[in-house]
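In what follows, subunit A forms one complex with subunit B and a second complex with subunit C.
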Partner chain A sequence: MIAPDKKEMVNITLNGIEVEVPNGINAVEAAALHGKEVPHYCYHPKLSVAGNCRMCLVEMGTPMRDRASGEPILDEDGAQKIGWVPKPVIGCATNITPGMHLRTESDLVNECREGIMEFLLVNHPLDCPICDQAGECRLQEFATDYGRGYSRYIERKNVKPKRTRLGPRVTLDDERCILCSRCIRFSQEVAKDDVLGFVDRGSFSTLTCFPGKELANNYSLNTVDICPVGALTSTDFRFKMRVWFLKESKSVCTESSSGCNTLVSSREGVIQRITPRRNDLVNDTWMTDSGRELYKLVKSDSRIRRPSFQGSDLPLDDAISQAFETLRNKKIGVVASCHSTLEEQFLIKRLVEKTGAKVFIRGHFGEDDGILLSADRTPNLRGALVTELTTHYPSDHLNELNDSISDGHIEALLVIGENLQESGVNEDNLKKVSLVFLGTHQNSTSDGADVVLPGLTVFEKSGSLINRSFFLQSFEQAIPGPAGLMTDFKILARLNNLFSEDSSAPSELDEIWKALSTTETSVLKGITFLKIKKGAIQLDGSKWEDLSFVEKEALHHLPAGVTAS
Partner chain B sequence: MPPPTFELIMAKTVVLERKPLSFSERTYLPQIATGLKTTFSNMFKPKVTLQYPEEKPVIPNNYRGVPTLVKDPNGREKCVSCQLCEFVCPPKAIRITPGSVPEDQDDREHVEKAPQEFEINMLRCIYCGYCQEVCPEEAIFLQDEYSSSGFTREEMINNKEKLYELGGTLPDRHYKWDKKKEAETDGNTH
Partner chain C sequence: MSVSTPKERRIILKHADDPKYSNRIGCYLREGGYENLKKAFSMKPEEVGEEVLKSGVRGRGGAGFPAGMKWKFLDRKSGKPIYLICNADESEPGTFKDRQIMYKDPHQLIEGMMITAFAIGAKQAFIYIRAEFHEGARILEQAISEAKKAGFCGNKILDSEYSCDLVIHRGAGAYICGEETGLIESLEGKRPNPRIKPPFFPAVLGLYQCPTIVNNVETLCNVRHIIEMGGEEFSKIGKPNNTGTRIWCVSGQVMKPGYYEFECGSLTLGQLIFDVCGGLRPGRSLKAVIPGGSSAKVLRADERFSGTLKDGTEFDWGLEDIPLDFDGPMAAGSMSGSGGIIVMDDTVDIVEAMANVNAFYAHESCGQCTPCREGSLWMRKISQRMCSGGAREEDADLLLSVAKQIEGRTICAFGEAAAWPTQSFVTKFKEDFIRKATDAPKERDPKSLQLI
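So, the complex of A and B:
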């Protein structure tokens, strides 16, 4: 069959009303486009259609034509007769054809849903009070809509294992499983790690790992997200907090340059979990397990919580003045970071221009898994290119800086978060220069720094990042930072002001963006922060086509010069 | 326009004529006698004054006293830290830290989740009883304890230990964990 062009719009009749939908999408999506929810469990927009939960049954019909002549068959009123399929069909596997008729709200459809719900609940343990899914559970929601409210089942319910370990991060509660097979399809199709399957028969069917295997891949927690019930639970989040207490903030994963869209859930300033946010251009509905653990950095022991000058704590204002004193009237080097937000990089660039400092920047690289963990392990390397902090592609060392210090070209250093000792800078060389460190976590460089300015983690500030496909995305603050600290770009703006008393640096996001978007030659021209907040913006990356970016072809990413395979 | 005169603003005053007191009224004796009659009649009626705090009143069954946590007759805690009471509590007096129960505890078979810490701030509590009403496990009850006092604010926060001490054991209609065990041993395990 030739796949229909999904951009072509066709007319269908949905519950008696003629509506326009893209050709070839399925009935569940078509109904959703027009505000009619077709309940479903096994169907997931980013996975293949299995059609085994039967919850999305709808009535379907097509206009009748005479088989011999092909003439439309008309009823008494002269309208074309509709040939309704005698039994309901599953919406997820019914693709739209022009002129199709659908009923998603008829008595028959409702009866089907009620029947399916009753069967699904026959062996359900009803342990909502202790179930982590409660509050975001499709079974709960549809039981409210289509459940009968009491059970006709007088037999004893099946007993199944309640805490099976499927892998290091996933725990299975077998009794809650409704056998929708989403997790199995995810493992096969997206994670490409086929480890899950059903064993046993009938109501004893059980989800299990194949012998000798476990669900240990870096995408295993996505199975927890797509589980429509509470069967697959995250071992980390298990029994931690009920979901209705959580405040969700839109964020972007900073693990690598793939820039997964995320939701950071927190309660009273404590992050409880990170889940992916759907973005069909970047990460679909997935993210890595390793990216979900980044929130632990907020409370880590090595976090810098206080500004300090030569080992003793002092107020932030004084620390900033000390930083200025340390750097002024010297040959300055600035070690910028690809972890900084675009706004911070802009202010670093401004500082560099005002002081005539030399910029060094380091990349961090690792294995590319071809999905959402890219080889570039920094979230904003392209930001450094766009803000012109660097024109060449950063390498994973700072040997150049080491040489500059040896030659005496650098007397003072402003380091943004980087560990210089691990980047190939000689310990003896570092002793020659005075050091100002701005970062979130302690490392051997911050330990030896004269002035330490504490920064905020990505969860405690707002800003924007540019991902591997040159998508400009913004993230918002999820939790407040430690008491008495300032967001990084404000510290940088203060430093800017100290170095150039004649002009004041922008110190609010909109002001920074006003400055960023007015540069005539910049790819950021005409963009406001408000615009990025509304959705990812595709930037023109053709200017940097010649650089050898390390990212491989991956989910929604095609390196420049590579055609889709 | 000239301002209204005084007569126009004030209502008319009616002066009532007061009768002079009679002789008996002027002696005050009949009034004293009537008063003493009430006094002496109460001397022979049953006493209603309660010698609080030595003597405590009888608390009716549906009284809403201090919220407490109860255990089932097997001595197991019933609360599974679903946090519904925390959610419903209008003055936000309840604070729960959920915790999971390790699998290998013989006396707590089939119990998966229990509160690690359970605090009710009695300075905030308004004794509305929503927590008791919302509890799906019948674990929290407003019982007959009505007076709580302390010298510091911290003392007025009842922690889990205190709540179980106040709550004690109530008769159970369900024996949830026993039922689960029964279902496993002779039920439909595969």
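So, the complex of A and C:
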């Protein structure tokens, strides 16, 4: 991978105009910084440079110097002569040096692009009408922008395998493949699961899996994202939807604490797919396959769609009142959640302060894959620390709660999404307490709750989360929630108000953030929701560096006290 | 012809046709073998390099780059091990010189390699031999084991502190394995996809990303003779900038095809074809010559070549006047390449000849980069259609245009190798291509030879 030195800026001449770019970045990136597109297929900013598509050919020259003396060679006007390389060079492998001259719009460059486009299409099936990539296909885009517009090819096209199953989630059409090798490099360099390769040679080269292997790793769908053409397609998304109908909403993956930035694509309130969104500080351009499946939870059978009181449905307003009645004048315990957004956690904390309730919180842990699936399988454990819901690192059970109930210290519980039975609270104890459940999906705890308040999934609400590296990130609502429901923090604000009639709790994101950001000692001081929306904000996590976080060293994550390997 | 044809001067192939000479080490030692290795070991490695630089010997693999200069580019500061690779993947159609050396005088190559390894400081050397040379690999294996036993190669060479192992690596059966960086990839056990330059110049980032020198068989053999004669003396053979001898591999429609070793520039193409090779078959006339392996641009028999040479002398040559060295064919707009001279007489259907060349390059393209991968197969499909009765008048221009879209835009020189034949055949014999469309029967003549 090209490692640009971002600090030092140098001057180059791009199409005759002097511009400033970081030293050492490649010509494709340098031109892009100044609004000049250098079309490319095989080059990907997060993968090694292969230089095989030849679409990014540009003209390059460097100021001439006398070989013997090192003195600049001048032309008649006294300017330093430019030694243009006689052949076009590939922009992706041409790193900027001070004084470099680049032409990205010359006749030769245009001719090169026309030629490469023609070559790429001679054996391409041109089956756009039935191709999933249509609408987001680089071949379509560059053929329109840089192609000749007509074909001179009258020979037979090559025949290659169609509809090959590369793995459980990826389907390959070899005839559409332009052999850019992005998927191969991704598998080797990022997923570290080297299973793809080319067989045969020349124009008959074919992408395939190694014998006995399949593309089954948890990052396989990234190959579909980076495939510039319709060769690799998602088996899940295949033939479902034309991409130009999709509405894209910026979201954050809640699968684990890595906090991958995502785009949730939906049409008419139905999510069709989730794809990664580039963030060079967090997830580059990748995300897990398992994270892409999360949208299926929205329509899951176990989804809680209606508020209920002792088994019978009732309007949400009444349910909130019932919740208040169930909890008031009792020794309250609150089971908070690391799945809640920062804003929700803030309101839970406020509720706890108003009621004197005792807070219990548990973590959910799994294997750390060292890439983007971290051992902490909740998106916002650090939010619970920042909002001071807890000062110690959550363990994976609620035994303490069980003891408190046994000892009679807890008479009523507000549970946010957790399954208490699976967290070490025994059935008999649960029967002793009154229970209010706020969550998105049914579990044995919600089944036994007196009041059930339906929550919204991450796709149906807005908020913010703090990832494993203490990056504060926001996500936006992608689709509307089920009819008649209210976003979680509004329910919590209502509950807050019922418990403390003298002061009203903030019930809009801006208001919540006004409260969050004014605490003098908080790491959130001075932050507004608008600011988070503009991009991830690095928080100072040094206050918690003594806690033993479970995350290992991974892509863009270095645990405190660990030096990069 | 005004000057009489010179005699062959065999340096590299001195013993090639000697019935009393075998490829065993005994014969080689009898003829003064490995004496030059001893001589080289009495010198400092830099001095050996200096002699090679002084000799002006140019690479015999095709590009003709000065070998001494190549060694100078070697990155010695990195601290990484240095590798020496002998490119014995001789696969350019029309070339068969390295094979003669390896089959008939393998120790000459081993000695040259060990001197070179000593000069560049390599601890490991490879001979990457063409897959089809089964027998050659066997002969070389035997020769290496003989040389190792005698202490000329391997551990503590000539009882010095210097050791360099030498192993044979059988090629992967593809033309592209002969491309320097493709060869390195193949040697590493991968597909021989040539690497992008920059950054992967072998002298800096070669085999296993270590500094590597890749030289042709004939070049490495020359090193032995340079040490024997001294660089100064070697540079007097041939002409300035074209030093030493060259082995010309003549094939095609001449009476005596074969390999001939001459001092560079000592004879002309005409002398080689008509005197040395016994001329054409009776009643035939010369139509075209490919002077440097199939990737070199074809020369037409009735062409005139004029211009100014590098040294300032003006020239005006017919095909037969082209001097046989590096610069002569270059001045005529083609190249001497690997020395494979293919002669075609008037019975050759020039379109079919080109179709065969195109078929070769389409088959051998590695498929890594777009222009070569798609362009070479497209040209093949066009030319085969033309030979099968489907020619159109516009095909000539289409071929030229496709070739132009390949040339200079690929990762390695294969692009040029595939484009130049088409460009030259079509430009120089356009009437033959037009005639295919206008006059030729709409079906392929069943008597004509099968296309590749």
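We adopt the following convention: the second predicted complex is superposed on the first by the 559 of 565 C-alpha atoms of A that agree within 3 Å, B and C clash if a C-alpha of one lies under 4 Å from a C-alpha of the other, contacts with A are read in each partner's own complex, and residues count from 1 in each chain.
Here, contacts are C-beta pairs under 8 Å (C-beta built on N, C-alpha and C of every residue); 3 or more make two chains touch, one makes a residue touch a chain.
These numbers were taken from a predicted model, which means no experiment stands behind them.
Asks: Put the two structures on top of each other at subunit A: do subunit B and subunit C fit, or clash?
Replies: fit
Asks: Which holds for A:F204: it touches subunit B only (first), subunit C only (second), both, or neither?
Replies: Touch partners of A:F204: subunit B and subunit C.
Asks: Touching A:E18 in the superposition: subunit B (first), subunit C (second), both, neither?
Replies: Neither partner.
Asks: Output check: A:M241 vs subunit B and subunit C. Expected answer is one of first, second, both, neither. What do you get?
Replies: The first partner, subunit B, only.
Asks: Return the chain, subunit B or subunit C, that is in touch with more residues of subunit A.
Replies: Of the two chains, more subunit A residues are contacted by C.
Asks: Per the contact definition in the header, classify A:L57: touching subunit B only (first), subunit C only (second), both, or neither.
Replies: The answer is second: A:L57 touches subunit C but not subunit B.
Asks: To the nearest 10 degrees, give me the subunit B-subunit A-subunit C angle using C-alpha centres.
Replies: Given the fit on chain A C-alpha atoms, the answer is 90 degrees.
Asks: Have a look at where A:D318 lands relative to subunit B and subunit C in the superposition and call it first, second, both or neither.
Replies: neither
Asks: Where does A:D447 make contact in the superposed view: on subunit B (first), on subunit C (second), on both, or on neither?
Replies: Neither partner.
Asks: By the touch definition at the top of the document, which applies to A:C112: first (subunit B), second (subunit C), both, or neither?
Replies: After superposing on A, A:C112 lies in contact with subunit C but is clear of subunit B.
Asks: Where does A:L179 make contact in the superposed view: on subunit B (first), on subunit C (second), on both, or on neither?
Replies: Touch partner of A:L179: subunit C, not subunit B.
Asks: Is A:I130 in contact with subunit B, with subunit C, with both, or with neither (first, second, both, neither)?
Replies: Only subunit B; A:I130 stays clear of subunit C.
Asks: Minimum Cα separation, subunit B versus subunit C, post-superposition (Å)?
Replies: When the complexes share the chain A frame, the smallest subunit B-subunit C C-alpha distance is 11 Å.
Asks: Under the contact rule defined above, give the subunit A residues that sit at the interface with subunit B and also at the interface with subunit C.
Replies: Common interface on subunit A, subunit B vs subunit C: 156, 158, 200, 204.
Asks: Under the stated contact criterion, what part of subunit A meets subunit B in this complex?
Replies: For subunit A paired with subunit B, touching residues are 128-130, 134, 156-160, 162-163, 200, 204, 206, 238-242, 244-245.
Asks: Which of the residues in subunit B come into contact with subunit A in the complex?
Replies: 80-84, 86-87, 98-100, 103, 110, 112-113, 136-137, 180, 183-184, 187-190
Asks: If we count contacts the way the header does, which residues on subunit C are in touch with subunit A in the complex?
Replies: 174, 191, 193, 196, 198-199, 362-371, 373-378, 381-382, 385, 398, 401, 404-405, 408-411
Asks: Looking at the complex, which residues from subunit A come into contact with subunit C?
Replies: Where subunit A meets subunit C, its residues are 49-55, 57, 86-88, 90, 93, 112, 115-116, 118-120, 122-123, 152-153, 155-156, 158, 178-179, 197-198, 200-205.
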